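Written below as structure tokens is the structure these notes are about.
Chain lettering (A, B and C) follows the sequence in which the chains are written, and residue indices restart at 1 in each chain.
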Amino acid sequence: MRRAALLLLALAASASLGACDDGTPEPSPEAGGPVVLTYWTSQNPQERAWADVLVAEWNAAHPEVQVEAQPIPAGQSSEEVLLAAVVAGTTPDLCSNIWPGVLNDFIRAGGVVPLDRMPGFDSLMAARTPPELADRFVSADGHVYQLPWKTNPILMIYNADLFEAAGVARPPRTYSEDVAAAERITADTDGDGQTDRWMSARDIRPIWWQRYFDVYPLYLAASGGRTFFDARGELAIDEDALREVYGFFQTLYQRGHLPLSTLQGNAFAQRRIATEFTGPWTAAWLVENAPDLRFDFAPVPVPDGFDGEPVTYGDYKNIAVFSSTEHPEAAWAFAQFLVSPEADRLLLETTRQIPLRAGLLEDPALAGFFDQTPSMRRFAEQAPHTRGVDAVPSLTEVLDAIAQSYERAIYGAETPAEAVASAGERIRVIQEWAH
Amino acid sequence: MPAELPTVDSAERVAVAATLAPDAGAAPSASGGRPGRAARDWRGPLLAAPYFVHLAVFFGYPLVFALVLVFHRWDLVTPMEWVGLGNLARLVADDLFARAMLNTGLFLLIHIPLQIVVALFFAELLNKRLPGQGFFRAIYFLPVVVSGVVVTILFAQLFAFDSGYVNRVLVALGGERVPWLVSPAWAMPAIALVATWKNVGLYVLLFLAGLQNIPAPLYEAAEVEGASRWQTWWLVTLPLLNPHMVTVVVLSTIGGFSLFVEPYVLTGGGPLNSTLSGLLYIYNQAFTFNHMGYAATLGLAFALLILVVVLVQRRVVEAEAT
Amino acid sequence: MRGRLPRLLAQAALVAGAVVFAYPFVWMALATLKPEAEISALNPLPSRWTAESYRLVFETIPLGRAFWNSVLVTGLVTTLALVFGSVTAYALARLSWRGREAAFALILFTMMVPFLVLLIPLYTLVVGFGWTDSYAGLVVPFMMNATAVLILRQHFLSLPQGLIDAARIDGAGEVRILFQIVWPLSVPALVTAGIIVFIGSWNEVLWPLLVVRDEAMMTMPQMVTLFAVGGGAESRLGPQLAAALLLALPVILAYAAFQRRFVESLATTGLKG
């Protein structure tokens, strides 16, 4: 049976090689034409614009290695599309939109090239990546398959006008400050007897990845940056921290400060909610779509009595070179070009996303940018204090177990302690199945 | 998020039901058997061959593959791994799958009676041949032809708790907001309501066809006997509609088992798993968690269950008919 | 039938029903022409008419290309399903052969198995054929349709044997009999089967999501789903509804054009209980 499956995968791979050709003209080296690399970027229009600028620059300077940029084919999520491409062997030469959570699958499928064997890898990492994060990108086998590229730290955005009007002097730092502010902000503004303004709102559907924008960043903050698994891949949830987080959300939902429903449309832009946990992309969007809204960012709240710099979730996107490439060195050279200081500056300025580069705030070339957009300074400050996701098998299923237990807590079906305990049990079952 | 119909489309189910209904089941041997047998024996298989070759490739092979998967663990990425009866053992102990079955049962319990009552009501009205009946008939059928994606996008907004149009109207009329998709008690009924709204037009047509086939003299006879309108309806109309009733029940059952798009988009299976349907659970196992072997096991168990339920329904119906 | 009042009540109920079934679509159509902020307002009419939602849809996604892909795929699927469905149905209804009943039972069985169960193996198969991002991948697996066979078989069973016998005496082959004699007599059944296949094929989302990743090959429902439920609409309601309406429109128009025929043939062919 194993043979049958392998055969099928082989079949899939060979068939898709053929299919790949009609999309991308790839002249053979014998023909003497230039090497052509296919490079997948994110779908996001700003990122595509960024890539177009860099690719044009590269192509002009390197006639022998021509790059063709394509947005990741649209799919449910880019992770799913990439995984399908790895399985089918239809991957590009390189891609700059790799979420570390799926990298594990790519490695097991032999779909990506170890980059630590490439010339100049170590010096590039040492020069660019913030030192406190450098060892977080090493995979279980000791190799590095991703070039850390950018991160989007999750912070709390707040509506400065709503805060002012409700007499909330500064953004809440702790859970009790947050609940106190929520009490002032949540209201029925049109007098029809129904609440129509809330402290915040979340998509409450039990969808695993939604928890990256509520439970996970707050858990990382409360636990001082401990992820769910330890370095050996063993489950190591900080249960006290998770209980605190569940308790916090349970209070907010049970008191009606957060609506126990999924608000339609952009509630923050419509001033129906005062805060939200989100990344820098929201700032860019609001500037364009709600120009008269006054907002700022603050760290996510922490349990009372917590001190220190809160860590948060950083939505990392990294660069990987795929095994399907015939020109790994050329792809690596282009990857290095994508993280040059100039490219990083352009990324920050045009897409408002944070390149994972040490010393951004000290870069004189960026001083003007940070002065003009103070909210981006907050993200740049936060960037080194971020954690990504654990590279473990069944990651989505573990997150699903968290999402399910979180749901039981906010609906009041279980106490925070019960919810944390049942999540742990479920995760152990999931891990048993996985072995 | 993706969304739809790994299901038999509601209109498609008509044909299944038509074949399963008692009269139709008897038909094939009656007229098809006559033509000159021996002489043309090879023509039938020859004509049917393309269909069955296609079926072997695009149904047979996947089915066998799914059967093989039952005994394996496979995450699409790495080679399959033999696990014997592991997947079956897991199924037996899986509370969530049991919950999904229970939810499907609850959905059917709401959906089928609601469907029948609403469909009968409008079929009766249409049968009065009032002005504009062709127009009304067409309007009632409209949601049936529109994609499930459109319907769910639409109802996500209509049923939104705080700003949804339905709750706006309720509040404007002095009522309370209804937690349509967000309370564990309301979510499944709300989804049953959406599914009924989408499909009931089909059943209106079915019952209408049945009503129009009832011979007028039967009603006249009932009137002569002095039966009240209610008695006439109960004693004449309803029994004569029985075959259609069966069709509706079979169709709604198969349709109910294929519930997927609505919970997938509207609730994600929540709150508290109250709208987790069988197919949604299988979908998650396969495409969210990449447990292809376990998903195949669940899928085949599910298919078997549908088959048993439909066969039992058919048996009951046939027993009643004779 | 008897009093005036009951008739009036009945008429009122019919109108109420029409409102229930049609109003959500009307609301949706009006909402797409409103400024974003007014969509959840009680008043369904826009204070200011705007095509902003549509502009955003057409700016973000190549819906025109997707429309033609859908037309081509759905057209091919429907045509092939009717041609091959007729041939098969004819063999099942009008020819007698060993294994015919078993063959028919097999077709019924295929309809009982949820498509989801077959999805993954079918996907690997199509990948193996190299049919991802191609029309073949969208059309070939669905060119045979069990529903069409059932409806057509049911109808073919009801045709008088004399017609077919007469043609045979004239020396006509079975294929000729099917397309020259049986088809012209089966228009209602063909319309019913055709529309059912058309609707099913037009509305299919899950399969294209799996096999098509190249934007130029995407079908319309796939693109609308990705746009509305994925991130394209940036959680703006108007564009989501506009894309959904654009997806529904071709089916609604096709239905409006054929509805009299369709509804009548549905009531007389497939539904004989």
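Just so it is clear, a residue touches a chain if its C-beta (ideal position, glycine included) is under 8 Å from a C-beta of that chain, and two chains touch if they have at least 3 such contacts.
This structure is a prediction, so every number in the text was calculated from the model and none was measured.
Looking at contact counts per chain pair, the maximum sits at B-C. Placing every chain at the mean of its C-alpha atoms, the farthest one from subunit C is found to be A.
A separation of 16 Å divides the Cα centre of subunit B from that of subunit C.
Note: centroid distance subunit A to subunit C, computed from Cα atoms, is 39 Å.
Contacts with at least two other chains are made by residues 76, 264-265 of subunit A. Shown for subunit B are the residues that touch two or more other chains, namely 1-2, 76, 157, 160, 163-164.
Residues of subunit C in contact with at least two other chains: 39-40, 124, 209, 230, 237. Within the complex formed with subunit A, the residues of subunit B that make contact are 1-2, 68, 71-72, 74-82, 90, 156-157, 160-164, 171, 177, 179, 181-182, 184, 267-273, 284, 287-291.
Residues 1-2, 4-6, 9, 76, 80, 83, 86-87, 105, 108-109, 192-196, 204-208, 259-265, 272, 394, 396-397, 400, 404, 407-408, 411, 413, 433 of subunit A are the ones that touch subunit B when the two sit in their complex. Interface residues of subunit C, counted against subunit A in their complex, comprise 36-37, 39-40, 124, 127-130, 132-134, 209-210, 213-215, 218, 223, 226, 230-231, 234-237.
Residues 1-9, 11-12, 14-16, 18-19, 21-24, 27-29, 31-35, 37, 40-48, 50-52, 54-55, 57-59, 61-63, 65-66, 69, 76, 121-122, 125-126, 128, 130-143, 145-150, 153-155, 157-158, 160, 163-165, 168-169, 172, 197, 201, 205-206, 208-210, 212, 243-244, 246-247, 254, 257-258, 260, 265, 279, 282-283, 286, 292, 295-296, 299-300, 302-303, 306-307, 310 of subunit B are the ones touching subunit C in the complex.
Those residues of subunit C lying in contact with subunit B across their complex are 1, 7, 10-11, 13-14, 17-18, 20-22, 24-25, 27-28, 31, 39-42, 84-85, 87-88, 90-101, 103-104, 106-122, 124-125, 140-141, 143-144, 146-147, 149-151, 153-154, 157-158, 161, 164-165, 174-175, 195-196, 199-200, 202-206, 209, 221, 224-225, 228-230, 237, 240-241, 244-245, 247-248, 251-252, 255-256, 259-260, 263, 266-268, 270-273.
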